[in-house]
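Here chain A shows up in two complexes: once beside chain B, once beside chain C.
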Partner chain A sequence: MTMRPAQRLALFLLLAPAILWLGLLIVLPHVEILILSFSERVAPRVYAFGVGNYLEFFTEPLYWRTFARTAFMSILVTALTLVLAFPIALYIARVAQGRLKAMLLLLCLLPFWVSELVRTLGWMMLLRETGVISYALRSVGLANQPVELLYNDGAVILGLVYGGLLFMIVPLANALESLEPAVVEAGYDLGGSRWTVLRRIVIPHAMPGIVAGCIIVFMLTVGNFATPVLLGGKNGLWFTEQIYAQFITRFNWPQGAAFGMLLLLLSSAIVWLGLRLTGQSLGTTLKQA
Partner chain B sequence: MNRPSLAWKLYIAAFYLFLFAPLMIVAIFAFNASPFPSPPWRGFALEWFTGSGTVFGKPGVLVDPIWLSSIGNSFKVAIPVALLAVLLGTVNAWVLERAEFRGKTFLAMMMLWPLVIPGVVLGISILAFFSRLANGLEDWLQTDLDFLRPGLGLVVLGQLSFILTITTLIIAARLRKFDRSLEEAAFDLGATRMRVLRTVTLPFLWPALIGAGLVALLMSFENFNTTLMLVGSEAPLPITMYGQMREGASPAINAVSLLLMLGVGGIAGVFALTSKAER
Partner chain C sequence: MAHSTDLDIVNVTKRFGAHAAVDDVSFSVAPGEFFSILGPSGCGKTTLMRMIAGFEHPTSGDIRIRGKSMIGVPANKRPVNMVFQSLALFPMMSVGENVAYGLTCRGVSRAEAEERAHRMLERVGLKGFGERRVTALSGGQRQRVAIARCLVLEPTLVLLDEPLGALDLKLREHMKIELKQLQGTFNTTFVYITHDQSEALVMSDRIAVMNQGKFEQVGSPRELYHNPATPFVASFVGETNRWQGEAASASNGAISVRLPSGAVVQGQGRAGQGALAFVRPEAVALAQDSGALGNLPNRFEGRVSAVLFDGAASSLLIDTVGFEQPVRAVLPQVGPLAGIEVGAPVHVGWTADAMKVFAA
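Let's look at the complex of A and B:
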């Protein structure tokens, strides 16, 4: 392609913001933490190349257990979110009509535009020992002393599922929207039960939406910080907390950088695996959402 | 399937109750006349909004310097983020939709990338890179470069790193719908390039620019993960809220949350109106 110098300059000027943005805020910072993660302190203020930070991760049970726990709980949260969101998305896409449909979708969106911290505050006020549920249980006589529902895995999972629901419902509803009613009718006419139609027709059709929703919910859950820390307390044990501790509390940046790389690897691996297993591309997946 | 069963309907109702219960609780207890954000209900009061602190020992949100300054800090971050994200996002959208060059597909892929990076990782990578940059430049220039150290400036850059993807996508989607023949006609009628941009293209893009700006504003206001890694001594609202929630907050935090909900509701309303205008 030949270009006049003026065109070349115009293209360069147009590209400049994108290159500055991706270069200075994305690529170089990631190169920096990659290098940082492979540097070990050999003497005060002297660093050398080494894999010590990664070895530390594998030899210290607290670190790899927290990592495995974060990965496992995130998969669990994603699965629960999918199961809870599916009937809602199906209702919005296939049953609700006109204004009811628009309103149901809008009502789903609203809570998620409010800060994550406000939502978490709500759950803390409901679940804690002096909270609303504990108070209600005592006043109807189901409990005779304050009940602590906060600071356990159940509370963490509840908070994370709550935070992920919208990101599951929207892609699911979008995918289900395009399902032809005639195809569903045909399924029933051919003698399929409700369950068979759901399993053989509706779910396969919704697959792109399911994948998109699961990937987004998993990424958000794995990378979450406030919900597990606030709802789980000391028992929260989330991997992002370890990154924060190394970077901000202990000021051990190389170790924190190694943890960051591991989290990035986990998150990317799951996204890649999800896309691979279902043969979708990142672009179309993000568009679903 | 078109006749939903009663169980399904009950499930839908329970779901929406579940969705709004935490927010309702937060809102209701902002008006509780009690020093603690918990039941029992002790009567209606506006003390946690405007009280001077004589009744419960702590002042209400609208007079407490801690809350006021963190709301101010959030605006100091959100406004530059929104303006830059719209301005640079428009240029990026132009590159994606109008320019032809080798490596464009790759660039388009790269622009999506920030969305799949966990916010915490974005935060630490920008923190680490900019402190290396600051160390190098300070040795070289022999001056202090505080704007590259943790603080509101770095928070703006950190939030911009992923919000730019969103604004680019919103504006590019609008630009794709634009009918190029309108521009051709303006050129044929003798308009200069600048004039076409100002009188034909920008008016068409306007709703998307407003929408993208509002989305950027909201995302900046509620961002926590990336911001947490980059804050210095001046904390934006979510950081202050997080600190107070860890210590055990007074109902002032409920009042702040309610104000936040009202603000978000207002912006969402404006956004709904602009996206309606877009159709």
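Let's look at the complex of A and C:
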């Protein structure tokens, strides 16, 4: 298609902010980080090209173990979020009507009006040794001394699932809403049980939404920093903490850059694998999200 | 033991709040019958059908299939399958999987289900379509998949909820014949709901005309057309002329009706003070001179106000002395009146038998 010069200029001007945004804030820093990750410190203030930062990751067990743990926990959190969000999304999409539907979505959105930090601090107030739950357990006699619920994997998973729930519910509810009610009825009419209808009709229909929600939640979880640090404490051991430590505590930017690149590779690989396993294409999935 | 009826609806009522969508309806459908429920939208026919399928529950009354009450039996346990208005094919499955779905739900092994689905597709003329996506089919093919998906389960009863509504005219005419043939070959009982009187008349063995939650009349297409029991049936089924007037004199079934203009028409029926008179367009005889209509009790003079040419369904509107609305008559396709034009004078007439009179 040919365009008149005026049209071309208009298109360019319209796209300019997006291109600047992508270029300056995403592409450029990543190129910079990529270059940085391949520079080794050979002497004070002297750097040379090399893969030493990456080798360091594989030779130091703490690094790759944290890395593997982050990957595993993120997958677990994503799966838990999906299991929790599915019935909620199903209810919002297929049962709730009119005002109730809007109300329920708003209710899911409400916690996001306060910052992530404040929400996480809220969980700390509930879970800490002198916190609300500990106090309640003692006062009903279920515990005879203060109970520490913070600083373990359970607390980290709880916080991450809570943070991811909305991002799973919205694409799921969207996908489920587009399912024609008559198709579900036909599923029952032809003799299907609830379970059969769910397994063979509802879930396959919602698949693009499921995958979209999983990708978003997984990305948010893998890259999360505040929740594992605050709720996990020293036991948090999230890979983002290692990146933070390299950049801020140790001033070893090249090492931090290498970790950053590895994390990017990890999440890309897992998303790719997820798409392959579910047979979804990135295009249809993005449309759902 | 074979039961003499496949479906019995016994005094079924369904209320939504104070509104009775289905109001004390009873009827029976014999095995192998093609039974239609015909009515305008909102008359309760969809609610009635959904109760038979098990998606709604009657407020009172009983639904029996081969003598067995279906009250409390969920939709997936009834020997009834439904062809939905939107067809509701499963887009996530292939054509073959759509047809095999019901069988696998019953615990038939995958291989056998596939085999039976394959044979069923062959019978409905979709041989070799098993692997296709349902989205890749034409309207008529999708229709056949929806029916095959039901018939493969050998249900006692197939319910069809205006499945032809979404098709274009040509295909709809074709599918009417095809549906009737399919029903004949499988000898399955069909309950068909529609607002399209032509669909009902063409396909059905019997039709129930439904209005405001009640059945107005149940009968064969011919009975409904020629001997409507109520004014609603007379005007809803088929084209008709409808005039309002008052009963002038009545004796032994014969009745004269005085129209507001003072003209008097002779008909058959019963009426109180007010009377409604109906005459089918094809019952209106036309002639160029009044002598040809000499023996008819109703004879009037008029002038053609419009020629509505529609092939075999063509009609004439005739401005007639004494009638507020033009009289509708069938356009003759042969003879001296075949070429009649707007403005031409014409004489109209009909027998007293052809005019049905009801209380207004």
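General remarks:
By definition in this document, the second predicted complex is superposed on the first by the 254 of 289 C-alpha atoms of A that agree within 3 Å, B and C clash if a C-alpha of one lies under 4 Å from a C-alpha of the other, contacts with A are read in each partner's own complex, and residues count from 1 in each chain.
Simple rule for what comes next: contacts are C-beta pairs under 8 Å (C-beta built on N, C-alpha and C of every residue); 3 or more make two chains touch, one makes a residue touch a chain.
Owing to the predicted nature of the structure, the values given are computational and were not obtained by experimental measurement.
Superimposing the complexes on chain A yields a three-chain arrangement in which chain B and chain C fit side by side.
Legend: residue contacts after superposition of the two complexes on their common chain; A:L15 is shown touching chain B, with no touch to chain C. In the superposed pair of complexes, A:W64 makes contact with neither chain B nor chain C. Touch criterion met: A:G191 reaches chain C, while chain B stays clear of it. In the superposition on chain A, contact of A:L25 is made with chain B only, not with chain C. Shared-chain residue A:P204: touches chain C; no touch with chain B. Taking chain B and chain C in turn and counting the residues of chain A each one touches, the greater count comes from B. After overlaying the two complexes on the shared chain, residue contacts for A:Y47 are found with neither chain B nor chain C.
Our summary of the superposed model lists a minimum C-alpha distance of 10 Å between chain B and chain C. In the superposition on the C-alpha atoms of chain A, no part of chain A is touched by chain B in one complex and by chain C in the other. Those residues of chain C that touch chain A in the shared complex are 53-55, 74-77, 80-82, 84-86, 88-93, 101-102, 105-106, 149-150, 153.
Chain B makes touch with chain A in their complex at residues 1-2, 4, 8, 11-12, 15-16, 18-26, 29, 36-40, 88, 91-92, 94-95, 99-102, 107-122, 124-130, 132, 157-158, 160-161, 164, 218, 221-222, 224-225, 228-229, 237-238, 241-242, 245-246, 253-254, 257, 260-261, 264-265, 267-268, 272.
Interface of chain A with chain B (complex): residues 1, 11, 14-15, 17-18, 21-22, 24-26, 28-33, 36, 84, 87-88, 91, 94-95, 104, 106-111, 113-126, 128, 130-132, 135, 162, 165, 181, 184, 194, 197, 219, 222-226, 229-230, 240, 243-244, 247-248, 253, 256-257, 260, 263-264, 267-268, 271, 282-283, 286.
Chain A makes touch with chain C in their complex at residues 180, 182-183, 185-193, 196, 200-201, 204-205.
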